[in-house]
């Protein structure tokens, strides 16, 4: 197997007295789709936010291309070439679609915002994601439907030449056609050599695109296996019980 | 077929110059699960909010048990016995789980909030929805995971003895087990004689629980048919193209 | 509490401590710039322990300071009240704790002060009125009144005093009158500019309650090319006022010597603290309390271009402050150095 | 839906219902504190720091006389800040509360002076005026939807006009009533003070223990019993310390002053009332809900307009109470009563105490702690500096220090880096 | 990801890129207005209503002399309110801006009086002082995380101390410089006024047309050409009306006054600068983003701390400019400069103009319109009433009316009942 692009080792994270992540090891491999699965509240989004630099770690290592890196905030992570679609979307409701998509990466011309360029590129990217019924890319995002908002968040992340893309339940609010587009996109990104992490509760989707599956159970990694080594039922067992046959956490760890 | 419990006739709704709902007729039958399907941005959530009294109508009738009713806000609708789970959840982040679940319907004893009663009932309802990993029902909801939040919103709606329950993509963020519970719940509610409306992009779920399917296309009702009369592929066609064979909007309406 | 811990200078250690509460910093610059140093000098010279505070225009704060001072062992308390009622309440409370009180500059109607040391505020207004009349002469004249803060009792008295003089002159017409909130010179400019605009500039004299307001008036007169042509009154003999008088843009001001007033206060306070009778030069009737308050009353002096020098000679302002920049040449002319 | 009573699996809310051991409880508490959830702790810390600074720099600060001064001086700002709490909880502001207090007090004073009314009637008139003002402000905000900053700015100005008109330029009205004036001058009798304090302590202890038993009986989340006992004992001691200290003579030998100043029970009672309203009634619950997410509250059927209007009404009524206490202290109502920076200080007090200006977070006790902090600054400073400019400078500086202690200790580790 | 250029289906953004016809455009515009999205329209409406009321009740209001008075009087509040915009966009507040302006102006005046500096140097000193104050406030807010209300309240007090100390013995400091004083007293030469106005109108027209062509060429959303032309002509006419009116003599025959007051170009230039910064630079974009959703902005890599600190720095620098203009008008800096209610009025101006106190919404021009509204009230009232109490009452009332016009017209129909 290739060396992981990004790796966490022994990461712990608590909120006050709530210990959410326990000694988590997690790898992102280039050219692969890693599905991160787990029950509600297992700690998937927390893990994503730790990777994204939104939350600090209480302990544990953060390695990029095998080297430990100092991560102090989302900016540092973005500089490594990591893009994230958050479950809670994180859009600025008072800004329009274009402004949200380019937030923090505005293109400029003579020091001024190049609205023409940004608007054109936003339009293209959205069209490629089967966005329909959006009347205008200059609509403010608070007037968008749930699925439209999610599409904007996804479009925002894939607009850049990044090396890793993390998607936290990106298709939860999407329609049939849009979900199709996003799954295709996920596959395409991995085929282009990016490391892709996909969080989803939909096992059909997971098995369709994932190369590896990492299962979290109550904040612990229950399994990290090639997708071809497990079946649907086993993954569901890992998610709901933390173990499935030989796979999963040792009895005493539960 | 039974008389509809709740019916909309010829409803139109615009936001500024964006015409979102066009002459929509919509029925909710007692004892049935009506699936409301449609592409992202088709107007499903808007329709739900019109029914819930969140948005006023620009025109059209609102009938309850065949009689026109005056609806001026969510309170009026709640008084009719209609409960809603909104897609955007609408929880107060600064309140805890119990407080959110009972918001607007607090139980009181000697004029004071009866925390003991509310806490007990909240705990029971949540347990019945397979909520796990929530450390305490006194946790404030802003510290909950996406799925946990969604469960709280659902629990809030089913806590009451209502006559109609509208659920806008209630399982979008839920895990496998939790989704199971909610689908079972939906069926149980209908079996108890309630009118249930379920919005979902997941066709498998729709076909599992729905008695009728209403498809919206660009704000127009493309079809309103018994679930047994259509198949998966037809519904997807209705959603994405507005028509499927003889079903759907007339060519010139598109 | 006991007074023994006081770290006062030797002479006054058993005289207790004297507290003075000044009213504010905004209505006039005199309180912090003239009265405070003069009081400090007087008390230092007498060798008594003292504490001088400023209530920042807030009667509530004044009551708090009074409490603190009493808690701190002050036995004689002098106040410049912000209005009679709050002063009276404060004095009543002080008296109930065995603390003697003095009215400084402003008489507290219905109060309990043992002594009153001051100039007469009604008289100040009258002097302003007389000054303006002198600058205007007998001819027909349209007057505008720019009064002090509507919430300051003194301002009401000043205005009444001025009216009592000017209303008697039949050739004068009042064409505008307005109070300036908080004596704020910034707001005063707009208010005056609008009063001026309202009569289309048809103004011949302006009653401004103090030098700060006078400065605001002059600013607008300058803009309209009429500074120096329209006489303006003032009060307090501040640097700004004296400069404007020298430059000919202000008609007069009122000089209330802080040195005299503070010295008188110190004498009375020390007498009270040591249990002696203070020397007074009369009594003032407190119409509300129905009593005559033993008083030391000093003379307010109207100041015009000719008498600016007397203020400086008296130490009411320093020549170096007044004669800066473009004003040096006027000082030379007036023989001030 | 609650007819079925499913067994609660151990992973569900197990931790929730079990009695935790004392060390577990303390660890959880520390965890919460480290997580940034500390209630009034930082504000109290700021106040303590301030107290220490003043006692070190000026010897008089900790004298009995000064402490009782401080209590009286803090009364009006505590009341005003407490009144602002419901409005701030909504994420709104009421710039007019200060002058509303002045105006109401003006009516109260006039009722006594000009109409010879009994003080109870006069106070009722004042509170009524406050309520009407609040009704007007609240209606404009909640029904017309004008931003509360602008509405209350307009009332801030307009009410100064009303007050001026009421008492005339430069004038003022005396609080000519023994009882009202006594509110800030007189003290509760020594025996009465003891009796009341003991009663309050007993009721508090009884209530807390009863509540604990309730929760244990119903299998709800509860702290370990020893923790409850320690808390009850500690708070009872604090309550009893009040008469113990204030019943000593703090006047001069010739003018003995002893007993609890009447203001204290007034503030304490209102604090209890507001704590009750905010935590135990639906109105209080809805204040938090609307402040947290007005749309969610509306969807839940909360009558947002009514909640908003009521908040402004109660705010102005508390302001009226504050204005009356202030008038009692100053002995009069003048045209500038409640004007100036009174309101800014009160809002500052609430914010320092821990109330959020963005709505949804804060308690009545925060306002009192913040009010005490501001009053302590005002009380301690004259003991420290003289010149006006220094006074301003030091006030600003000390305010900043008090707020920094709060901010620094409140800072969440969770969002910080590793 | 943008390497593939998919054909845009008709349903995608068809409406977006097509040139709409004029009736279509107007219908869409009306729809937007009815939907509550009206920009500065309601504020302008409020201002117009106010203007009509004053012209009807007092004959002097619409005289040329008074209009130029108004322009000068509105200068300082417009500048201050504009400075507050970036801070308000963040959802923060700066109570100290007014006195920061007074203090900065104090330094400027002293640099001239005591140190004989050239006015340019003196103004630079004032702006620098402003920047430093803003830096301190901003750092405490953004880095320590103390609520801006409290930090700026502390500075509001502290800076009054600084100003008192600065002014010292003299009690006030004159603005002893012809140029600075001329800012509010003198006028732009008649010819120069015409030249500048024509130039501005030409640049505006050219810029707008060029931008329109750009958008049409790139196939982006754009209004129909006739609409653009009408807008260009209308605004150019307004620009040219200024010298047309103000170049007439408005003084008395003996002392002719004509030309555009210097304040006007100063305000207009700063308005253009701020409009540019807010709409065309990343800094401006980030102000909106942080105000709309600070966490989203942080996740997008925006340096939130830097944005916040800069906003406070710019705010205080604008306040310094405002303070200097005010000092020029008053002729001096005094202890009360920038104190009192100056700041509340400025915030009120911004809010009336359409800036949200909750952050994320507002433009520079809103501050100017709101500032004009407040200045109009202060300008018209002394023409109307004399009694102090009536003055307060009417000010409050008029403010309320101006704000109601705004609120009522802004109310969204969408959330109302059927």
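Brief remarks on what is shown
Note that the chains are named A, B, C, D and E in the order they appear, and that numbering of residues resets to 1 at the start of each chain.
Please note the rule applied: a contact is a pair of C-beta atoms (placed from the backbone, for glycine too) under 8 Å apart; a residue touches a chain by one contact, two chains touch by 3 or more.
Chain identities (UniProt): A, B = D-xylose transport system ATP-binding protein; D, E = Xylose transport system permease protein XylH.
Since we're looking at a predicted model, the values are computed, not measured.
Under the contact definition stated at the top, the chains bordering both chain A and chain E are B, D. Put simply, the chain farthest from chain E by mean CA position is B. Ranked by separation of Cα centres from chain A, the top chain is C. Comparing chain pairs A-D and C-E by the number of C-beta pairs in contact, the larger count belongs to C-E.
Centre-to-centre spacing of chain C and chain E amounts to 39 Å, using the average Cα coordinate of each chain. We define each chain's centre as the mean of its Cα atoms; on that basis chain B and chain C are separated by 74 Å. Averaged C-alpha coordinates put the centre of chain B at 46 Å from the centre of chain E.
Residue positions 11, 164, 169, 388-389, 391 of chain D each touch two or more of the other chains. Within chain A, contacts with two or more other chains are made by residues 15, 18, 54, 73, 131-135, 218. Shared interface positions of chain C, i.e. residues touching 2 or more other chains, are given as 25, 32, 150, 179. Applying the touch criterion to all chain pairs gives A-B, A-D, A-E, B-D, B-E, C-D, C-E, D-E. Within the complex formed with chain B, the residues of chain D that make contact are 1-2, 4-6, 8-9, 11-13, 15-16, 214-215, 218-221, 279-282, 285, 288-289, 291-293, 295-303, 360-361. For chain C in complex with chain E, the touching residues are 25-26, 28-30, 32-33, 150, 176-179, 181-187, 189-191, 193-195, 197-198, 200-201, 212, 215-216, 218-219, 222-226, 238-240, 243, 318, 321, 324-326.
Contacts from chain B toward chain A in the complex involve residues 15, 18, 38-42, 44-46, 87-88, 131-135, 143-148, 151, 169, 172-179, 201-203, 218, 236, 239-240.
In the complex of the two chains, the chain B residues touching chain D come out as 52, 54, 73-75, 78, 84, 86, 90-95, 99, 103-106, 108, 111-113, 116, 119-121, 123-128, 131-138, 158-160.
Of all the residues in chain D, the ones that touch chain A in their complex are 11, 27-28, 30-32, 34-37, 413-418.
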